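I've put the structures underneath this note.
In what comes next, chain A is part of two complexes: it sits with chain B in the first one and with chain C in the second one.
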Partner chain A sequence: MKAGDILGRVYLGALFCFVFAPIAASFVFSFNSDRFPTLPLGHFTTDWYVRAFSRPELWQAIGNSIAVAAMTALLSTFIGFATAYTDFRYGFRFKPAYLALALLPPTMPLVILGLAMLAWLSQLGLSGTRVGIVIAHTVLATPFAMAICRLRLSQMDPTLEAAAWNLGAGQWTAMRYVILPFCAPAIVSALCLTAAVSFDEFIVAWFVSGLNRTVPVMILEILQGNVDPQINAIGTVVFLTSMSLVIAAQFLIFRRRHHD
Partner chain B sequence: MTERTSVYRIFWRLPLILWQGAFFVVPVAFLAVMTFWLVKNYRMEPDFILTNWEKTLGRGVFWDAYWLTLWRAALAAVIATAIAFPAAYTLAFRMSERTRRFALFCLIVPFFTSFLVRAYAWQVILAEGGPVNAVLGSIGLGPYVMLNSGFGAMVGYLTLVLPLVVIFQTWGLSAIDRNLIEAAWNLGATPLRTLVRVILPAARTGIFVGAIFAFILTFGDFVSPFYLGGSKPPTLSILIIDTTKSGQQWPRAAVVSMMMILTLFLTSAAALRIAYRGRG
Partner chain C sequence: MTEPLVRFHEVKKRYGSAFAVKSLDLDIQRGEFVALMGPSGCGKTTTLRMLAGLEQPTSGTITINGKVMNDVPAHQRDTPLVWQSLALFPFLSVVENVEFGLRMRGIDTADRRERALKWLDRMGLAGFEARRIDQLSGGQRQRVALARSLVTEPEMLLLDEPLSALDAHLVIRMQGVLTKLQRELGITFVYVTHSQSEAFAMADRVVIMGQGEIEQIGNPREIFRAPKTRFVAEFVGRNNILAGPVSGGVMTTAQGPVPVATADGPAQIVVAADTVSLSRDRPAQGPAIQAAFLSEEFAGTVIICYLEAADGTEFKAQVTEAQLSALQPEPGQPFWLTWDASRVHVMKA
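And now, the complex of A and B:
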């Protein structure tokens, strides 16, 4: 191995350390007895977990988070798939505008989206409800679902659908027996990823949630008080949840490629 | 047949238009309309007044926040681009396909993990009595105050955007025709010359798209400046939250939002023009 190669690898390793340091630190500190952790570390404890998870409001927040994430995943995956299929199958006049509508939301600063949602949902009488959070999260998550489904559709032979029609299948039948089975891994992947997006999102949720706090919103509110290592414990659980979802999503979408 | 065809087509096309129309386009448009509304007795009333624009844009606080936010976002985009490049270069040219895929796989993960908790972890790591200062102290340095400063905010920004910038740059670099690089070598170009004259121009789009995303994300980020940057002086996002949460001055927060959207639009449009210039 040349010197340049080694240097490159060391550099890459350092960058990965920086990116993953906070995730690792949160995990380590969550089992550490010190309120203000430093080196050398204090002794091992599960105390922060016990304290955090004995709070009834945390369980309520977890319930809210799961309900919101599940609804968001279903809605945004449906809209995302429908959009990806439209893009794959049809050409039409306003397609650039249509695709912009599909892909722009992630570029909008969340604070602005939060304010816009709060103002608009208040007009509709939906602010402060779980439905309001689901609406906002679906806007944010749909582009990711669309991207995953579009990626999968681009791997499909476009003549496959036409072949089904020629064999006498109607459009709905072709969708049911040709396209949906082909896209199944992407759909499950999109469900996982959009659930992760919703599960982690806190700014828009903070604006519109009112009393129906999700887990990240609860973390945000604890953070505005004092240093509290319970956050590391809750955070570690949040990390593990969203990481599992994202890893599952990636496995589903990238694994199949080798077979095609 | 045509009747059924159109039902099918509309069934797949309409959901996006309805949903993003009703809950993305309309709310943002409503935000724009709201900037002209009147706030009376803590309630908004439809009106057409310019007071919100005058009061917001006439305040020094707004412009201080504006330039600070713009400066920090530009700085973060430049720093992230510079830091990411050697890593992306290594990934694109020095790694096997397998390792590269695995590395990108890992880099996607943090983008979807709670940035809030990661910022909190940095608060602990960088604290005056925290692990970093403990290590530095053992070799006789410090303690340094790293939190509640521009440095602290920058650590947050980089944590947020570095994975994404590396991914975009790696994609850009991987797409370069290897023959081009070998041709440069064969024609006697030095490594530096090859980098500047061949690799950088060919990877321009990936580099710019990464930088644009870094700019957009840091420009709107509220967590880094608030929890790591000390929130004073405020950035635009902090200004929006303060204005919204304290009292009912939503229209003025909407004015700040409009200025942010305008700035992001102009900057991205300009940067995309450069990124795709000469690409046809």
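And now, the complex of A and C:
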């Protein structure tokens, strides 16, 4: 038991190293003066950040990423909440199929999804536009939003809604004064997480973004040109942004659960 | 007789092919404390939910104040319900919970706050208004739920097993609170419960339901001492039931002949456990049945003995501690059960 416990901890430690070492390396080398990532390190510098962030096309990409992430967050959280509420409130014949369909997108290989999105969005004349990326990212992010809202709704006493009706609230009033306040932490959490999903996403964005590059797509383009520590700088910023969003999302879910 | 506050007329409720309520006719008067009692699945909660508009009857009509309510949605009825889970809103403070009903009715902020505070005060919760629901004890939550339902000053209050989550000593206290409230307000209480002690302690009239139908309506004494059907006799209290054809004042039961003061023909009699006494030897006179001792159950000041007759029928006898120690029963040991034949209740077979 004791030995197994230690082994478990070592395994967990190794796992974290394996996952985070490359990110940590990227972080460290983003402040290293040497052109190539070699040991021993050169001296500390913020030069790569200054250089990277003085590129106008990077700012454009950041603008694209933020706009797309914000729209995706709003849209996918709205759809995700509506889907979760439908599941919570109603029983109907093809519910398992409905739920399976709602949870399907993350199981699709991204290359296939990206290619399909490209083909479809071109038909609609939306490929290469921000709207096109928002549509593609919403498809990817909605299941996450739905999962979070569903978790929250499952913690709700179903009689709360009926209690609101009983006290004189119509359907929409009950939604506004009872369901939405109860789900508020989950909704904010879903907004953060879906924004992070969109902000991080590369493959599908690469297919459909065209000239409206998002940050991850731009990173690839710089990378294709040459190996430059600017990548580390940009990567660190992207990583910190996404992590902040994900941590905020987790914090909101767990803090609430602790209270209830 | 004045028009009843509530009238159920041939109300049926079906889920798929199963009837939750088979055919219900029931009048509830103004100012009455009515308990709907029965085992789980008897349709009592469905009946209450139909009254609140949370379920629609499959057929039949529900009338409140002479107005047919079938198509009136829940939020347009004035039928507040105290839920088994209480269903207090966890994201609102105590006073915000209480004023919810007033807020939904568009009462302005100052007015509704004042009325909510008045009710909190009345429920002994002054000073608790800013608390969160999870900072209250079970009994306090109960009183918040009551205040929330009563703040709109309804003509009737519906209660769905509201005390089932409380500790035993709190249940007794809340029973006192509820009966006092009902008397003071003079409004109708419709109280759903499976607990006989709750129903009998509080209600003016008890409606016993079994499998979607009313088995008996009456005051607690009538139901306890004069059950109309076998179902009621078995569900209420500790009763022994004997059945068989009667001829010349003797009923031929599966446990032997028993003298009964009723006309010839098939009959059932109810012998309450507290009228039965046990002895080792056959009593010289009066009815007597032999049964083997099974077990005993301490029920506070008295003890319930369980016995089994030769045909497998279970009998219950209520004895005192002194009587039990005099009898020294061993499992399997045969005893004679006897009772005062004049205290027997005769039911139709």
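Everything below uses one rule, namely that the second predicted complex is superposed on the first by the 255 of 260 C-alpha atoms of A that agree within 3 Å, B and C clash if a C-alpha of one lies under 4 Å from a C-alpha of the other, contacts with A are read in each partner's own complex, and residues count from 1 in each chain.
Quick note on the criterion: contacts are C-beta pairs under 8 Å (C-beta built on N, C-alpha and C of every residue); 3 or more make two chains touch, one makes a residue touch a chain.
Because the structure is a prediction, the values reported are computed rather than measured.
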Checklist line | chain C versus chain B on the shared chain A, clash or fit after superposition | finding: fit
Check: Between chain B (first) and chain C (second), which does A:186 come into contact with in this model arrangement: first, second, both, or neither?
Finding: neither
Check: Which touches a greater number of chain A residues, chain B or chain C?
Finding: B
Note to self: Between chain B and chain C, whom does A:119 touch in the aligned arrangement: first, second, both, or neither?
What the structure shows: first
Notebook entry, point to check: So, does A:254 touch the first partner chain B, the second partner chain C, both, or neither?
Noted result: first
Notebook entry, point to check: Which holds for A:173: it touches chain B only (first), chain C only (second), both, or neither?
Noted result: second
Check: When the two structures are overlaid on chain A, which partner does A:62 contact: first (chain B), second (chain C), both, or neither?
Finding: neither
Notebook entry, point to check: So, does A:160 touch the first partner chain B, the second partner chain C, both, or neither?
Noted result: second
Notebook entry, point to check: Tell me, in angstrom, the smallest C-alpha to C-alpha distance between chain B and chain C in the overlaid model?
Noted result: 7
Check: So which positions on chain A get touched by both chain B and chain C?
Finding: 170
Next item on the list: Please name which positions on chain A make contact with chain C in the complex.
Entry: 157, 159-160, 162-170, 173-174, 177-178, 181-182, 184, 259-260
Notebook entry, point to check: What residues of chain A sit close enough to touch chain B in their complex?
Noted result: 4-5, 8-9, 11-12, 15-16, 18-23, 25-26, 29, 36-40, 75, 78-79, 82-83, 85-86, 89-90, 98, 101-102, 104-105, 107-113, 115-121, 123, 135-136, 138-139, 142, 146, 170-172, 193, 196-197, 200, 202-203, 207, 216, 219-220, 223, 227, 231-232, 234-235, 238-239, 242-243, 245-247, 250, 254
Item checked: Interfacial residue positions of chain B with respect to chain A in the complex -> 4-5, 8-9, 11-17, 19-21, 23-28, 30-31, 34, 83-84, 86-87, 89-91, 94, 101, 103, 105-110, 112-125, 127, 129-131, 133-135, 158-159, 162-163, 166, 216, 219-222, 227, 237, 240-241, 244, 250, 253-254, 257, 260-261, 264, 268
Margin query: Could you list, by residue number, the parts of chain C that touch chain A in their complex?
Written below: 52-54, 73-76, 79-81, 83-85, 87, 89-92, 100-101, 103-105, 134, 148-149, 152
